[in-house]
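Same chain, two partners: chain A is paired with chain B first, then with chain C.
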Partner chain A sequence: MLDGRGLIRRRAGARLWLSGLWLTVFVLAAVLAPLISPQDPLAQDLMLERLPPAWVAGSEPGYWLGTDSLGRDVLSRIIYGAQVALAVALVAGLATCLIGSALGLVAGFYRGWADRIISRIVDIWMAFPPVLFAILLIAVLGTGLTSVILAIVIIDWTRFCRVVRAETLNQSKMDYVHSAKVAGFTRLRTLLSEILPNVLPVIVALLTLEMGIAVIVEAILSFVNLSISTDQPTWGGMIAEGRTSIHQAWWVLVFPLIALFFTVLSFAQFGEGLRERFDPVLR
Partner chain B sequence: MTLLRLILERLLTTLITLFGVAVIVFVVIRVVPGNPIAMMLPPGATDADIDRLKALYGLDKSIAQQFLIWFGNVLHGDFGTSITTRQPVLSLVLDRLPATLELSVMALVIAVVIGVTLAILGTRLRGHRAEAGIDVANGIGLSVPDFLWGLALILLFGVIWPVFQISGRVSPRLELPFTSQFYLFESILRLRFDLTADLLSHMFMPALALALPLAAIISQLLKQSLKETVNLDYSVLARTKGYSETRVILSEALPNSILPTLTLVGVQFTFLIGGTIIVERLFSYEGLGNMAIDAVVNRDLPLIQGIVILFAILFTFVNLTVDMTYAVLNPKLRHA
Partner chain C sequence: MSGFLEIRGLSARLAGTGQRLLRAVDISLPAGSVRGLVGESGAGKSMIGKAVLGVLPKAVEIVEGEILLDGQDLLKVPPAERRRLIGAKAALIPQDPLTALNPSRRIGPQITDRLVDILGWEKARAASRALEVLAEVSIPEPERVMRLYPHELSGGMRQRILIASAFAAEPKLIVADEPTTALDVTVQKQILKLISALQARHGTALLFVTHDLGVVSKVCDTLSVLYAGKVVEDTTVERFFAAPQHPYSRALLAATPRHTDPAASLQPVPQAVIDAAMAEIAAADAAWSAHG
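Showing the complex of A and B:
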């Protein structure tokens, strides 16, 4: 405890490196899927059904992580599944971040009726269980990648809005905001050039967190068979199938679960690591 | 601001929130593509049949009128009839509520026990390697959601070392003497501990999956707060009196660190209840959440409405209770 700051910095460093490494692998897998998959992820072969992973007796060469009940290669499906996860993480994460942060900045800086309306809507949103809300929206919007992304944005903008609003309120009380006013800055310029840069570290940390949450929500929707069509492999879909054949073929559940686990953990830890590195108090 | 005024204001915002929830639910359900009437009719129905059914469900009126009629019914506890089972939504939903409540409360208890224990251990061992271990465990607990914990537990205690049941609420072969839906509670009251054991064996894994993220939050916040209070004057005084370190933590620091943790636990409890939806599905546990997903899959709109509104009432009620408890317990607000 003598060197508290050093301890925190070292731990934050390990966090950033480990989670960054996994996220790089994840992004590369998604982008290079057609080049690196050993098999066609959709090819069914009933002669090859439920093959165990390469290191277990009874496996076939070329099917490193085994096959599912339709003879499809688990490793290739995990690699292709990364594409959906990455698309949802990026698009839903960024859209949620933009909308929620903008509303949070407005509510926290301008206060008044805008704040009252936005905060009341946030309260109403918080009264819905998110998973139920997501499932309900998919039932209304229909399945498909666009619906999944839209549902995540509609539900989760409040996460950014609440945090950014609170942070903006804090920053607005600071001396530099008063100085900007004295210097004759317009309200909008004060908000964008003075307050926003100070709120940005919080937004970035939340963004990586949100990307992990988006991946989970997509997996949950695939798990209950409400995400995208069955032509595109998804981790949630694989997990749902693995859950039903858990006693016959554990590998169908275990490997996509590990992929999902590390991806979600890495997004959260990467955000936390960034926050610790850039937080002026800790620095 | 006086306590009374605070409470009245809080009640008012709660009512506004609930009204907002009703509006949103109504709007979302009404924009569903695919006419709900068409799904209720047998093939070969005539236009006259369709009109008659529309009039029966009030769908021939304007949207505003439809909302008022629907909202009036909801206020009277009339949520309509389920399309799939043809039973009143309210009784279906209330029948499943106890299962979900028992699961949520069990999860809350587990979360508090694990969280408080880890926080006290972490404070007692502060500066040691073990504290870093607890911090890492908290970090993982915070980042991984209940859905993934559920799957991991199924693998661990359902397959690798199969000691717990992985699906259902109670073993189907058992004769159940229960008159209420609070199975666990009633089994204890009737001293039927064989049934209690069976229920717990089904409930343990879903409850633990729900509890782990909350346990991590409790542990992190309480530890932080304990580490501040163990250095305050009264703790130092207790130490000079010869109290052991563990006793200083338990009898001096803990009572002064409870309040902020309590507020957080309340807020997080609603997230835990929200988590029951997917976790119940994962474990085929027959509660509200499982019913909700079935209702969406079957496009049973009246049932979905009923479940969403019930969850919203539950959420706002928990939040209200937390705020009130905080207002009453917090001396700053009480004597303002």
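Showing the complex of A and C:
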């Protein structure tokens, strides 16, 4: 009668470890930036402009990834750029997740007029081209970190809302929800303690995905010079500056791009890895 | 004779189209007895179970009738009060053990939550009661099982847990909605015996929804045969199997497989019987419309 089902152990997997490792490096870089940066990220020195990375002939010691056209150290700027990326990923990611998931749960569980209103708003929202919408919002809100985060939340909550609504609808049809109703639990209690735990794996996977997307959106806004002041290095800003001197100094563009790429990839993989490891339901 | 559960003249229809789903259904279930609700798919047998437990889909509206649970008309009390009444006095053994337990919560709290939060038991008392009922349905190592997730258990084990959970609060009425349909045949028999034994020991009234007359003959005292939302025969199990009165009942019985006489088994319900039953229902509907 008791079979082996309780004994299955799942491997954590390289996916979780590798992405977790990169994200740890990323978070540490952001938090410890003033301590670990080899140079001042804002110090310009025209004598040192466009120095190549350390392993290319003509490099200077102490400038591991070279310098940009104003002589600023690329590695230090990437490390400081992680601060903005981290702030955007965490704050925008979490806020988007909370708002979108809450609305999705309400729409999917209570149905009726709440669902009709929320779903129509989502439909309308998703008809806007997101990048143009973001640029428009920044134009209204003004530049700055808060505006960038606000713009991401305003645009992206629909992503959560749609998926969470669909999953809530699915779960609501299950017999266990039925049983909770028969037992006499209130609707709210059924939603929070019966349905939410089953929707949570999807929410976590979406959250990590959204963190990656938030980093990209910030980079795009920096790229079109609409993110935050030039005093704070950002990856998107670096990519935009590097673009003009791609033929003379490829490293100015390539290294922040690599940092961006691995961070976004790691967020998505980390979420997927977490779900594989901790979702009690083998899907 | 007045039962613990007394359904009188219950009629329901689909809100949108007005199609009739239940037609003046009368069902009486004395405390401690077992009544089978049989009929083909769509006859309304599950609908009656859902109506009793207050979980009808929104699209179904009750037109008239009474559902008396322990003397109180469930259709006349406000929704919150109805939920409380049903939660305290009735329970459900669901059809599909694979989806009837919450996959992301451990077994223990799924049994005890209801005792603690709805019935106001002490946590320790609820936990010891849960262990007690799990042992009663022959779950080995109940302490360990309480800490497991549903996916760690087999379908038969999960159905036992659901049965334990239904009996945990000592309800006076249990609605079993095809509780063995999703299980394989060998497990079905064990589960039926288990439900019967628990029902007898606890003196629970049991409303047993099924399409399987074989199951009815093993478990039930009385039965109601439903056709198109109407009770066409209300009788005891002995009388039904000895001499079914309604032509549809006879046809239903003839459609049951028998390994002793395979040739006579699985007879489809004759068209003449269906026509006669439909005419009977049309006449009843006409009378109903006239007085309504």
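FYI, the second predicted complex is superposed on the first by the 265 of 283 C-alpha atoms of A that agree within 3 Å, B and C clash if a C-alpha of one lies under 4 Å from a C-alpha of the other, contacts with A are read in each partner's own complex, and residues count from 1 in each chain.
To be clear about the criterion, contacts are C-beta pairs under 8 Å (C-beta built on N, C-alpha and C of every residue); 3 or more make two chains touch, one makes a residue touch a chain.
For clarity, every value in this text was computed on a predicted model and none was experimentally measured.
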item: Chain B versus chain C as contact partner of A:135, first or second or both or neither; value: first
item: Touched partner set for A:164, first chain B, second chain C, both or neither; value: neither
item: Chain B versus chain C as contact partner of A:198, first or second or both or neither; value: second
item: Chain B versus chain C as contact partner of A:181, first or second or both or neither; value: second
item: Per-residue touch tally on chain A - higher for chain B or for chain C; value: B
item: Touching partner for A:65 - first (chain B), second (chain C), both, neither; value: neither
item: On chain A, positions contacted by chain B and by chain C; value: 1
item: Footprint of chain A on chain B - complex, ascending; value: 13, 16-18, 20-21, 24, 28-29, 31-33, 126-127, 132, 139-140, 142-145, 147-148, 151-152, 154-155, 158-159, 270, 273-275, 277-278, 281-282, 289, 292-293, 296-297, 299, 304, 307-308, 311-312, 315-316, 319
item: Chain C-facing residues of chain A, complex; value: 1-3, 5-6, 174-176, 178-179, 181-185, 189, 193-194, 197-198, 200, 280-282
item: Residues of chain A defined as touching chain B within the complex; value: 1, 11, 120-121, 123-124, 126-133, 135-140, 142, 212-213, 216, 219-220, 223-226, 239, 243, 246-247, 250, 253-254, 257, 260-261, 264-265, 267-269, 272
item: Residue numbers on chain C that touch chain A, as the complex places them; value: 53-55, 83-84, 86-88, 90-92, 94-96, 99-105, 110, 113-114, 117-118, 139-141, 145, 148-149, 151-154, 156-157
